[in-house]
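Every chain is named by a letter (A, B, C and D) in the order it is written, and numbering of its residues begins at 1.
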Amino acid sequence: MKYITTIDEKEFLVEIIDDRHVSIDGKVVEVDFESIQEQPVFSLIVDEKSYEAYVYHGEEGLEVLVKGRLYHSVVEDERERRLRAASGGAVAQSGTLHLKAPMPGLIVAVSVEVGQEVKKGDVLLILESMKMQNELKSPRDGVISRIEVGAGDSVEQRQKMLSIE
Amino acid sequence: MKYITTIDEKEFLVEIIDDRHVSIDGKVVEVDFESIQEQPVFSLIVDEKSYEAYVYHGEEGLEVLVKGRLYHSVVEDERERRLRAASGGAVAQSGTLHLKAPMPGLIVAVSVEVGQEVKKGDVLLILESMKMQNELKSPRDGVISRIEVGAGDSVEQRQKMLSIE
Amino acid sequence: MFNKVLIANRGEIAVRILRACRELGLQTVAIYSEADRQAMHVRYATEAYLLGPAPSSESYLRGDKIIEIALKSGAGAIHPGYGFLAERADFAQAVEDAGLEFIGPSASAIAAMGDKAIARETMMKAGVPVVPGTEGTELLSDEELLKLAPDVGFPLLIKATAGGGGKGMREVTNIEEMPTLLKSARREAKAAFGDDNVYLEKLILGARHIEIQILADKHGNVVHLTERECSLQRRHQKLLEEAPSPIMDDDLRKRMGAVAVQAGQAVNYESAGTIECLVDSEKNFYFLEMNTRLQVEHPITELVTGVDIVKEQIRVARGRKLSFAQEDIQVKGAAIECRINAEDPHNNFMPSTGRISHIVLPSGPGVRVDTGVYSGFEITPYYDSMISKLIVWGETRAQAILRMRRALAEYKVVGVRTNIPFHQAMMDSHRFMGGQFDTRFVEEEFSMEEIVEGKETFPDIAAIVATLVMHDQTERAAHVVRRGERDTSNWKWLSRWERLNR
Amino acid sequence: MFNKVLIANRGEIAVRILRACRELGLQTVAIYSEADRQAMHVRYATEAYLLGPAPSSESYLRGDKIIEIALKSGAGAIHPGYGFLAERADFAQAVEDAGLEFIGPSASAIAAMGDKAIARETMMKAGVPVVPGTEGTELLSDEELLKLAPDVGFPLLIKATAGGGGKGMREVTNIEEMPTLLKSARREAKAAFGDDNVYLEKLILGARHIEIQILADKHGNVVHLTERECSLQRRHQKLLEEAPSPIMDDDLRKRMGAVAVQAGQAVNYESAGTIECLVDSEKNFYFLEMNTRLQVEHPITELVTGVDIVKEQIRVARGRKLSFAQEDIQVKGAAIECRINAEDPHNNFMPSTGRISHIVLPSGPGVRVDTGVYSGFEITPYYDSMISKLIVWGETRAQAILRMRRALAEYKVVGVRTNIPFHQAMMDSHRFMGGQFDTRFVEEEFSMEEIVEGKETFPDIAAIVATLVMHDQTERAAHVVRRGERDTSNWKWLSRWERLNR
């Protein structure tokens, strides 16, 4: 079985040969992979090097914690990859982005207006939660197309707050 | 719903009135019972006294750990109780008792013979396991009716070793 | 003398105090909001009483209700912990008026020292140097503060008079931005302390934040337990503390200790308290404020002095004399505390809410964890984001740093983001290792990304793990594998894991 | 100088050593049997190598294979931990012959001190009092031992010459029972150490078992780290240790310390070692044996002296001088260790195997847990039953006892029985609290049942909990309740819990 696995924007071609062998980018390695009972923890021994991985489902794909660093992964098999390629691939990137509340809280201030151009990193609004004021920044360049909240509003977790075209 | 709950040989009549009320031996108490997420742990607040209980399935019934002490419980509803009473109740007590290996190990010695009378607490055999020699004692008075293992035998966990009539 | 203590707090500090009570053989009463029914402090206490809904203003800040519960339960004393009602003189007074023991200083000491403006004046009168700022103790309006600001000089700080922990604090670089900052400082102070009064203080650049722990009994004994180094802050929130301070010398320690004891004596102080100072590069120190309560970072002092500060607080509240004298206090080794917050250090330290699906705490030699969370704990947006404190001791500062690295590597939290990577980067920072930092270091000079960049990464390992996990999941879904006790598949899968993560 | 260490052990001690290596910045190599593939030490190490099947004789006792792995992996040193190969002179020699560093004493020191009979002779020659027994160093047959027994006098002990930890030890009250006991002692010794030689020793009644920790470097420095009290034993297995000993005084400590250092010097000792003594009621002491390795109970010494014994072992193995001198060693406070074994104290301490379905470790001030187990860990019958060590420190012995009570109450193990109730009863025992006990106390005078009997019990609470849990389970089964995210039932049920326990 062949997979295209993306780790933080870097692609790996991973083929599962049998229970003890995997090839990664064409290189065959011997793997000893074990799920730890009752825990979301896996032990992987590759060429006698021991790795402990904590794995959980993130927004898209699995989050993998290895040696203190968190890796975001997307695993696709060849069919999935072809389907995505056919449908235009990275189209979502340039479409509308909805800024959702990362946690419930109170809108302290909205720093932008509809129609305003924003750069990646610009502060869009301030959300008060956990007794802290948190600046929410734009994840990319764009134009504010819609604002659905105002200062003083309470928002629920994942509530849409504004949109960027 | 009414239950007869036996805790270490003491019987309690427990009636569940509603989500917040239970009567125990006729006395109504207010209970706040909560299961702790992801853990076999329950929090019970009765009359503002706080109890934390660890609960798991034992050989028969639930084992309940409260304030450092383990309680063996058997919970029966009225129907179960009637059925058991009809079938003779404590008959098993005086029937044949099979001594099973509490863990895998090696039989070092068998201290009794078939036909021998034994008292509760007499050593029946010695099982070596976890690098220790463990004396297995008779759980009650009786006569050895059958011996299925000998010195030098390896036994599996829960393997029948001998029987007491 | 009381034998039952009500703990008017939640989270790790409630558990910390419960442990101290248990070690003293005292009965305990926990209080909880609706959001905290499953919390460790509720399960750990002898008794537990519901306070009210989740928001602090309806639960942990309801002093009236708390006193009512103390009386009803027969608790003879109330320990306020830190935050919430800990530095409210009116609460301390109400506790006393109800005939209960407040485990902390007297209401008058809290009023004198807890109000930052009055404290500054008290210290100035006693001849202790203070950071220049708005003198006087009257409450000032925005208009008055704007008028006084140029005299204090920019940059300056707006600080909450009832404050602590950086809440209600704002840095001001010019008069133009001041009105807006005053407004937000007052709002934050109101939310945190129920009091929106603020004052101004000159910002001393290049300074270190060093504080002295004191303990005092009802018999006039005041002893200091040496210093803590607390310069590593972000938005005026301490992130990491250590004892002793890398810049400390015997002379400075003696001088600062003497001032701290003097400050305590000036207000007939009782219980634990902390004198916070700024120390400039010439080792001049300025009184900043006194925290009339237990500090978050008290454990590092416990580790280097061997004194259990919380137990000592309770002992002196019961009328006992301090169990040690000044000459008994010796600093041994070095201790570091990392505050583990549910915040994403890769995303501007955004708080992270949700359920901790799995947690592994570090353990072993020289490692202490104070926490109130567990696998299954839900982090709500109602309270602050600190989920635990990781504290280590080492024979030397270098060994403490190496041990902290080891402990951070063992600490695993699944389900929410934490600032563990920040602390790991800090432990690798040459500036930190060299002890070369001031209060602006974290915000202005420290780059987590830079330090992380140089480290070895394992994207290939992550790729193999992710692929094997997904592969197995897909296989299972396709074949509907029977789940027996023994699964011969090598990358066997746990149903719990699947359920947890779906 | 080596930078990579192979740890030739498993369980808590492997994790302990791995932590020390990590804190020293050293790479680590773990070895494991087929039963230990999921073990913490495997996941914790930089590298991990499979040794063989579960039985020790095919895995952790395979010295040849372990040296081969060390060479293959590039490890420059081997730390043997305790048990297994730790006191095998032939293994230490083979390690040295392979050009590797053995983190422990030289093969000749192990041979001189590790063999109990030779050790006795060495000590006698040095003028140190020893417990009377079969003198001489030749290996004795059953016939010879039976002939010598009356001279030694009854009661006496059969002890394994390669022994330690009570394995292969038998108490003999008369000549008639001796042949059988010799046989079983030899069998146990063979299984534990691969060597079935035994010797005889007079049983001193009313004695306390007190041992002195020493540390020595390659430069001739030998320092003692004061004593540990280890009298609380059952079947010659230590159950609970403390430091300092309640009977110790400065003079006795000085005398015993001097003898311990002298013993180390007599064999050019290097690394950590322990001189075990019996101390009678007149405070006369007799050399019993020397353990030429790290002891299970080393952490209590670490807590009262501040010295990290394992790190120090590694440092001296790298050729460094000891980081302290005799005069730097001061005892501060008191420490207690409870060995947490998977044994049922209510059922004759029968070992308990099976899966730990849930475990909660105590934490907070003054508490240390050294362990290799976790929720989900399977306890197999292949290795010993100790699953962890709970160690506490207190400012005084009384405070350490109170803290241990608190920690034991926090320690929860679900799925297997443990001896926690035994330790709880011991902490409540007046004899223990008064420090009034000898090596026979646990077996002959201590009754767990008696102590437990006086305690308040909560059968009604257990009844309510059990009933609510069963009721809910039945309801669910009957109605096939849909499992949504939010369950409005007040005694909601977790599917994981059900699965775990079915």
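We take it that a residue touches a chain if its C-beta (ideal position, glycine included) is under 8 Å from a C-beta of that chain, and two chains touch if they have at least 3 such contacts.
What you see is a predicted model; the values in this text were computed from it and never measured.
Averaging Cα coordinates per chain places subunit B and subunit D 31 Å apart. For the pair subunit A and subunit B, the distance between mean C-alpha positions equals 50 Å. Among the residues of subunit C, those in touch with two or more other chains are 357, 374, 409, 496, 500. Each of residues 32, 34, 37-39, 41 in subunit A touches at least two other chains. Shown here, the protein chains touch in an arrangement that is not a line, ring, star or fully connected set.
Pairs of chains meeting the touch criterion are A-C, A-D, B-C, B-D, C-D. Remark: subunit C residues 30, 37-38, 42-49, 73, 355, 357, 374-378, 500 touch subunit B in the complex.
Within the complex formed with subunit D, the subunit B residues making contact are 1, 3, 5, 7-8, 10, 12, 14, 16, 19-20, 22, 24, 29, 31-35, 37-42, 44, 46, 51, 53-57, 61-62, 64-71, 73, 75, 77, 102-105, 108, 128-137, 157.
Those residues of subunit C lying in contact with subunit D across their complex are 15-16, 19-20, 22-25, 299, 302, 306-308, 310, 323, 332-333, 360-361, 363-371, 374, 395, 399, 402-403, 405-406, 409, 495-496, 499. Across the complex, subunit A meets subunit D through its residues 32, 34, 36-39, 41, 43, 45, 48-50, 52. Residues 167, 184, 187-188, 191-192, 235, 342, 348, 350-353, 357-358, 381-385, 408-409, 412, 414-415, 420-421, 424, 452, 455, 457-471, 474, 489-494, 496-497, 500-502 of subunit D are the ones that touch subunit B when the two sit in their complex.
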